[in-house]
């Protein structure tokens, strides 16, 4: 590693403003109120639960108590990139040296965090210090979006309730409540989707999104078949595996129809296996499946050729499939590095593949997936460091590679700017950002 | 990266002559007539179609117009290794600086290319400058091979028409036309294969080859079952999935029987999913499947233990399976880095695996897959650079590794020569090459 | 590569004593009697059989003749890490320079090996020079364990005979012989397992272990269903695929019940496809399947939440699944780098993943899988070198990484000590080791 070059590149990339195209931030609060809330992030509860088992039970409703319980266990995960995220928050945002993080000091840290984070301008300070200019959200269709600042937040519609959950009578009733009449026909279903899109577009919708089970199959489904399935649901008859698969394919097509109609992208996050771990903490029970092919999306990508599909994959084994899809498909855009693949080893490999064979206007570099604004800075820094490393290697390669032109620092920064700013802005149609 | 060492190694490897064991070169022409023909290579049409969609439609029958359409889009793929291939052709073969490649200059580039490439000795010049000594071809069974220069070209029989397409009456009729009588029995089918092999062997046959769908299953099939399937075809009854699978397994065995009889290798290219992308350009519609195991080939490799199987895989997820197969199976030979895996990230990983655990007399380093002779030089250079990098790292490792002997520059060059020359020559039985 | 730093780190790691948590060593002999026995290790027979085919036949009952046959072929695998293991044995243990390894010298090497290895203290010398302090074994349930030195060897119960083979009447009879009465009910089966565990625990049992076929499915099985399956077996009726799957799931649960009862870990080795290669040497006929998910173990891990599962995977494609499992599951522990994944490329990737996201008290660094004590040293050195490399890179990264604290040499050595000593000792409950 050419450390001087990597650091120089990193520093130049680090000053670029952050457009974060996928988070779980609560727009009404944005930041956390204390370190206990930050420690409630599933990475810390799941890793400490894994390192020192306590039945997945944590006092989530008492942040101070949660801090008391978790903080002494953090030493068991001090090697992890997730611990490093926390330390960057501590040092950069909370002005607290990482040497302060020892078990006996938990109450001092908690109290200090309350002091700092309860400042009235805490949210603005985090945003300013992190240089965040746009944050995409994850929203349920019935989320309250009134008062959301469209110039900073872009609400994104989570579509699992529409695509996966409608066969559940409770979920169907909830959707009917939103629509204003029960969901009894596929027309009702489509009307509900339209009403949802209307609402989201009015609030500056970013895109529709879905985290999708491994081995999902998109497919053509006739309206008459969907009608029969809806009638089965209404009659209270259970759907079998084939029925469910058909309904889900139909519902996904309805969402894609709406994306087309409203001119919005459909952001796919492919490959999760939910509820795999029984003793896990909340949000810490899901894994993924290495046996998963993107062939299940051929129908969707082909049929909705005029819809943009930014796509993230959970399994390393789908990484080259995503790269190849973005290489030849005009409407598939690799987007970030998701969850279990969001660590240096797999970021490094996928980044290099995308840099080498995907047109440079097509990759969205990174998203944080953060639950609080505080996590955006350290997570982006993790990515930006891997990016600096990859670009430094490309610069060095270009000096001796028989096919390459000289790849300069300026070229490297141009690539970084595309991945971090130009491409997300263009692909997702973000307005109003200047840098 | 030890740049000086890598470059020194590359330069020494680069002077080695090229034996290219898999191409799609047209032996009657060899080279292209102008830059438009080079730009019709699917990498350029598919990547620009992906970067700036235009429905997969390009003016393929008008090379000048194709140049006008594609050349301005090339800037969108300037980051790709495929763009770098083109630039090496431009600078090394066309004597045209890469700075000349800007949109407004498209007609100058086209005209210049016609000037240079229409020279009567263009083909010989490309061959001499690239130092190509042998080129394997991809041929249909009914290709005209009369006049082919066996000392330079080795025709290779593409067997999809035999193994996959015979159930199609049009394809079956075509095969019957070649045989001189309709294909109505499995004896007819075997006779056709024999006649094809006779023809190819007379023209210096390299090997039989097949690009194989993901999850293909080889298997034992009784003659009586094949007879029943053939009768079904002749009667015009459709074959179901199991029928098709059985027929394909039978037909592959027939081809392997012929390989055995004629002493020719069977080159497998495993894992393609054809026609996945509807809006793609010609040859730009295929992808691959990460869910694919080489277990489907156990029957073939075991039964035809006396046939050599050079094997390439399309998916990164099959890379270690191929390495492990070559490690223990005497008749499986890793061959090159194919298509979507033919880029630096995946070449680097597979190359290191093969160098570390496959006997050094068993790996065929690289093939270009080129459609025109012009592409052989830049593609081999891409590989040779990754090879130089891997060998330089091995040299450096050996200085401090507790188990390794000193791995010298001479040792490195010996490995390179085996991968690039000795192994393909020995494994494929190539005659008449001196270097 | 910072060669000086890597070597300095390696040297400091190399002096750490070896706890080897999985081998196939025969405790009654431990070491080999001559070089022929070392060459009978399947790596040498399979690699030379692959490089220079001779039908998988070797004179295994005549070590001198085996040496004569294999030694001249070793030059064909001189590039492999397996050859390097042999050279380290030669130079470090046999005091024989690697330059002596040429074909004509085979009898001198053989004779020299007999001289050295027949010394009465050869075993102690190998142990002392390799600094081995504990060796886990692989034992059949009916192995003679009388006289085994519990302070050095930990017998581990291989459970394939219990989980996979009971439907075979011969195997069932053998198990009944061990129990002292025929296996005719599931109570008999459970009693046999108990008797086996009693025996092993009395001899310092390490753990129960199983090398598991690709795509094995763990599951809940009702006793009444198992009873029906047992009755089918006793009646001599064949079990179909579903029956077999149910029986195997039931039997695995019985073994896990015993692990729970006796407080012993269950070491899983996931993903082998046995008997794939017909012309292979003994132990050289198995491959693996890249299509294999750890989802098949969800039931086992969840139900036996109080049993520890050290886990190794054979396929590279399962590597990130294992990392993710260890990241969130409290009772899954990544263990070493197995067989086809036990080479530098795949060790390097998995090591980095585990270092970055698995709590540092959860990974078992390495096991040798050795058949003779002589192989432990070179195999551990191969791993320790990759570890030194990864730790050196982490040190260098930490100097410029925006999220990381300085990662010092001491930090690096602490990580190494955990992987190599603290974690195996703690996770496997090894007693009596001081270092």
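Labels A, B and C are assigned to the chains in the order they are written; within every chain, residues are numbered from 1.
Heads up, the rule we're going with is that contacts are C-beta pairs under 8 Å (C-beta built on N, C-alpha and C of every residue); 3 or more make two chains touch, one makes a residue touch a chain.
As the structure is a prediction and not an experimental result, all values here were calculated from the model.
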Worksheet entry | Same or different contact residues where chain B meets its copy chain A, judged by the half mark | different
Discussion item. How big is the rotation relating chain A to chain C when the fit is done on Cα atoms? Please round to the nearest 5 degrees.
Written reply: 120
Worksheet, complete the sentence: Chain-centre distance (mean CA atoms) for chain A and chain B, in whole Å, is 38
Practice prompt. Would you pick out the residues of chain C that each touch at least 2 other chains?
Written response: 291, 317
Worksheet entry | Sites on chain B touched by chain C in the complex | 291-295, 298, 301-302, 305, 317-321, 323-331, 349, 352-353, 355-362, 393, 396-397, 399-405, 415
Worksheet entry | Sites on chain C touched by chain B in the complex | 1, 3, 6-7, 10, 14, 46-51, 53, 76-82, 84-85, 87-88, 98, 273, 276-280, 284-285, 287-291, 315-317, 340-341, 343-346, 378, 381-382, 384-385
